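Provided herewith is a single structure, encoded as structure tokens, for subsequent inquiry.
Per-chain numbering from 1; labels A, B and C assigned in written order.
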Amino acid sequence: MKSDAINMTTLNGKQGMVCILGTGDFGRSLGLRLLQAGYEVVYGSRNPQNSPLLPNGARVMSQEEASQRARVIFVAIHRDNYELLSCLSPVLEGKVLVDVSNNLKKHQYAESNAEYLSMLVPKAHVVKAFNTVSAWALQSGGLDANRQVLICGNNADAKQAVVDISHSLGLTAVDRGSLRVASELEDLPLQLFPLWRLPLRISAGLLGVFFLYVLIRDVVYARVVDKKDISFRIMISLANKVFPMVALVMLALCYLPGIIAAFLQLYNGTKYRRFPDWLDRWMLCRKQLGLLALAFAFLHVLYTLVIPIRYYVFYKRANLYISLVKENKTYEFSDTMAWRSDAYLAMGMLGFALFVLLGITSLPSVSNTLNWREFRFIQSKLGYLTLLLCTAHGFLYGWDKFLHASAYKWWMPSSYMLALVVPCFVLIFKTVLIMPCIDRTITRIRQGWERPGKAGRIKDARSRRRNGV
Amino acid sequence: MKSDAINMTTLNGKQGMVCILGTGDFGRSLGLRLLQAGYEVVYGSRNPQNSPLLPNGARVMSQEEASQRARVIFVAIHRDNYELLSCLSPVLEGKVLVDVSNNLKKHQYAESNAEYLSMLVPKAHVVKAFNTVSAWALQSGGLDANRQVLICGNNADAKQAVVDISHSLGLTAVDRGSLRVASELEDLPLQLFPLWRLPLRISAGLLGVFFLYVLIRDVVYARVVDKKDISFRIMISLANKVFPMVALVMLALCYLPGIIAAFLQLYNGTKYRRFPDWLDRWMLCRKQLGLLALAFAFLHVLYTLVIPIRYYVFYKRANLYISLVKENKTYEFSDTMAWRSDAYLAMGMLGFALFVLLGITSLPSVSNTLNWREFRFIQSKLGYLTLLLCTAHGFLYGWDKFLHASAYKWWMPSSYMLALVVPCFVLIFKTVLIMPCIDRTITRIRQGWERPGKAGRIKDARSRRRNGV
Amino acid sequence: MKSDAINMTTLNGKQGMVCILGTGDFGRSLGLRLLQAGYEVVYGSRNPQNSPLLPNGARVMSQEEASQRARVIFVAIHRDNYELLSCLSPVLEGKVLVDVSNNLKKHQYAESNAEYLSMLVPKAHVVKAFNTVSAWALQSGGLDANRQVLICGNNADAKQAVVDISHSLGLTAVDRGSLRVASELEDLPLQLFPLWRLPLRISAGLLGVFFLYVLIRDVVYARVVDKKDISFRIMISLANKVFPMVALVMLALCYLPGIIAAFLQLYNGTKYRRFPDWLDRWMLCRKQLGLLALAFAFLHVLYTLVIPIRYYVFYKRANLYISLVKENKTYEFSDTMAWRSDAYLAMGMLGFALFVLLGITSLPSVSNTLNWREFRFIQSKLGYLTLLLCTAHGFLYGWDKFLHASAYKWWMPSSYMLALVVPCFVLIFKTVLIMPCIDRTITRIRQGWERPGKAGRIKDARSRRRNGV
């Protein structure tokens, strides 16, 4: 391989010759980048006379001629035209064919494009690579875009040649294994936030349910019982009841699976037993759950801070002042109310500030600078502190409302009580788990200890995830 | 080259010998890092007896002696002293000379420092590298600073030697081509936000024009017509009119070039025609336009939320309440006003929250984790939704003001109307573009189709950028 | 070395055989990742029949058999069991032993695990690596976790073999030198925010002192002198006095060490003299000081914006309005008050917005895209502008309070005056430093010039840090 590299090095100090079949957007961008990195680039075109917009310094010739010139050949043509390559078979023997293609939708074809190419030209070494890198990323110098080139293929030398080229272009290369992985790589650019699906669905569900609940309890009740139309409250007052509820419940849902997992391990007496599938999936999307909860908390903060500039609040206050004057009363100061109001606001603000800190440390570039111990400290210790502050914020907001009959219109309790159920559940069971006797057992189980008499370990790679509990 | 690497590997397992000419800050930092990575380092100094502060473990000798010891020689001396190297020419023959120098300003000399060095010592292989890496970044372990080493040179082996050293230091190396690129690399550290210039100028221009407009319309008008001095309103009230105007117009300006480009492509019937230069430049700085718009939106949010704690607002409200009491009136509740006020605030807050989301996803580390489809979904779909919400916020703020004569002092319409012109323009033409018949044509053109009869493709690499439309 | 690589490459295109001793969490994760990257993996277990949960495709055999199969052997077993390896000594001769172990606390053993292993198996080439990479990071594809593998060892070939494997797994490798560095690498995962300790202590100290001060001056004074209990003000009013004080002082403390360093250099007449240790430590944690200051500023903003929705404020305003009506007064408008109130708020908001900008540019992924000149422009120029705005905010807040006796209860000046001391000090001395005559001298000293007659340079690597002043 090294000798190849030396052979490819021409006298004028170039990196070697690379062939690109196809003159579309990706082919052009790739060629330009290769030229910048010192490679000689030759394009293979079915129509060499009519190939517009190719970068300066590149040559164009027929596909057959071009393929003869270089050891590494990028196949930047549409899968439908792969069949034409089978007639080049003799020329392509022993060459490295780099399949960079993507499909328009998942599972469009029975086998991956790369495997199809490998079937058509069996004597070439097909490598799947560069399909996760966009033409735009190649042009913009790789600064703002993902610089990982995912590679798979059956021949180590061929893969190494692609790794070398990736490195010359300032990209990192990750070997993902044999060509069977190609269909997986081809699916990657077609994904649309796969890890966000479940959390988005959960938040949409909670949003819908809670909104309906407060709508019935506030607006419909007022219309039916008090014969008043307060539907204008939907825009801000109701939204500002629903957002904090969703935020608090979703924050608690981040920590619930860890608690369930710990109790399962306690019950099983071993960590070598597989978790149920739903728990695995839940645990994988905790970060996304938390970030969505932060988004709702942010909306709650905005919606709360605009309260004093709302017309409705202005109106209510004006009339309160006027009626106080008319009735010749002064507004009595209540020390309890002052404490309660300030405590409730302070808990909320401190909780929100900590929540923002959690959000910042989950930015990839920040979490990369943390070691495992620091990451756990923030996401677990500070995370539970955030949950505790936000739950206290909820309790102080409600205060003694739950004692009054007015909190149960149509037997429906105040909305804030609903939001506190899951967080309380999580906090109580967390308290149980950190009691010394139970904590000791959990720690031993996580270090590999098993309760005697518990047989039947299930050999399953999925249980690796338990480390992350 | 591999054989060199093995020769350089001494018996005690060191990486090999590297020479550094020059004992300044950069030379010292580089030497320390090389020593840490297991290299032997020898400094060449004109004054070996008096070389302070060199890292432990490095040796110092005369420039000639030092140059003989190693194949790779870092030239960390000032360009003015390059001439002294010409007398070392025999020793330097065939060596790899790494030019790490930077200039104090752009275009200081006719040719780049590296090319000048190459002229002085023609038999050495000059490589330009490491000039974009700061001494600080080398010392701080490369954690917080740019870890890319940009490399150019005419000899592939020489460049590979520098690439290998970069990798040993934990840095990534990017080959940027031949030594002609050196002057470009030497300009890089002297740049000061080149992509931010145009957006900053646009925002400064808009800020100035809008400020003058509201100053004349509000303060000057009040002084001349009403004989009242309301100049204290400049600090917050006027600023809080100008900031949202600039934010909204600049957000619209992010999306305008894409729309112009689409209509140009529709008109040309092909994507293979070059865009005007101004459009290319505009499209390249859309991200910066958007982030500046976000900054102004953030200021608008802050300026709005402090309204209730302003002295002026407190004064106005107090007097309103007092006059209501004196005239024995109650403040009448208007359902329309309640709806309008809440809707206007809600649109603004939702728009701002989405805008913050756009800002977060444009952080390099976040956008790196997105694939092309996800990035487009956020920046295009959610971007237009943000623009729509913010425009609606503007319309609801104005409500029916435009019907009243008071909105046209001195024939000047209310400032909010001005801010809505560009966003409306963008939204209307976007609506046209997503109509099925037109969308289909655009998609076909972007996939390479050309309208028959449209000849005259212009071969121009610049049109690559159209991918990003 | 290259020949080894080729030998390891088997016919079916695999990357080669790697052995892992130990079947714990890390061993399993590493094996899975190696398999994905195309390596053959063989596990060595003391109990090959009973090794649960190993990844598909890996083989398990006795430790002796497994060690014979591969050149590179990962030692993923507990240090306590290293002694068992000494009986494998003959098999391990010439092999690359990769020590991936971590300890539970710092300085647990006299020598590092890797050096201990090297003593036990002296004929093997021990390399310390991968201990800073978590099992979780290996599984999650390295996207969200630190992708740097820190490596040290005494044999260059052995280290290169580990570097090659790291690259195949998509990780970057950093050679940190000889095996003596191992204990340093083993301490890394045990660190808990080492650079944040000093800033956190400073902020805790300031928080405590300032809180006590305002507690005595406000609450205790009111209780003793006015016989009033205003302790409810602790939650928000007092906190919102302490937070901005801490934020402002800590922001000033970011810039103070740079100023002290400049004056020291001026006094010494050279940059080649070592700074005192405390100054070095202080300068290294300026970024952390600044970010903590930003956190307190953020809390101050939140605490300020909730003012109008506090019960106490509502109560005070209601009674003010009522008393104004009763005494038949109108609230007189003061132009000065309007200017002052708005100017004070505007300074604060602009300062905070700039502060947020400083915070964003200190995110690793953002600062990586800046060159040295841009980074200095933001952190120094914009940093001082932020300090100036925030100090002006403090002065405008106080206005002429300092002239009134009421500002000195019990001879204690108003808290805001305390907070302005350090910022004023910094700003005054910065003004001195940027005066042309002094600035010229400083610049010359930083470029290496020394004042004649100043002898006694101290050869000390620590003075490198002065670059960063």
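Brief remarks on what is shown
Quick note on the criterion: contacts are C-beta pairs under 8 Å (C-beta built on N, C-alpha and C of every residue); 3 or more make two chains touch, one makes a residue touch a chain.
Per UniProt, the chains are A, B, C = Metalloreductase STEAP4.
Remember, it's a predicted structure, so these values are computed and weren't measured experimentally.
With angles rounded to a multiple of 5, the C-alpha fit of chain A (Metalloreductase STEAP4) against chain C (Metalloreductase STEAP4) returns 120 degrees of rotation.
Where the sister copies chain B (Metalloreductase STEAP4) and chain C (Metalloreductase STEAP4) meet, the same residue numbers recur on both sides for under half of the interface positions.
Centre-to-centre spacing of chain B (Metalloreductase STEAP4) and chain C (Metalloreductase STEAP4) amounts to 25 Å, using the average Cα coordinate of each chain.
Residues of chain A (Metalloreductase STEAP4) in contact with at least two other chains: 2, 143-144, 172, 305, 308, 321, 325, 363-366, 368-369. Here chain C (Metalloreductase STEAP4) touches chain B (Metalloreductase STEAP4) in the complex through residues 1-2, 143-144, 148, 153-157, 159, 163, 172-178, 272, 301, 304-305, 307-308, 317, 320-321, 324-325, 330-331, 333-335, 337-343, 345-346, 349-350, 352-353, 356-357, 363-374, 377, 448, 457, 459-461, 463-465, 467-468, going by the rule given at the top. Put simply, chain A (Metalloreductase STEAP4) touches chain B (Metalloreductase STEAP4) in their complex at residues 2, 6, 9, 12-15, 24-25, 28-29, 32, 35-38, 52-56, 132, 134-136, 139, 142-147, 167-170, 172, 188-193, 229, 232-233, 235-236, 239, 295, 298-299, 302-303, 305-306, 308-312, 314-315, 318-319, 321-322, 325-326, 363-366, 368-369.
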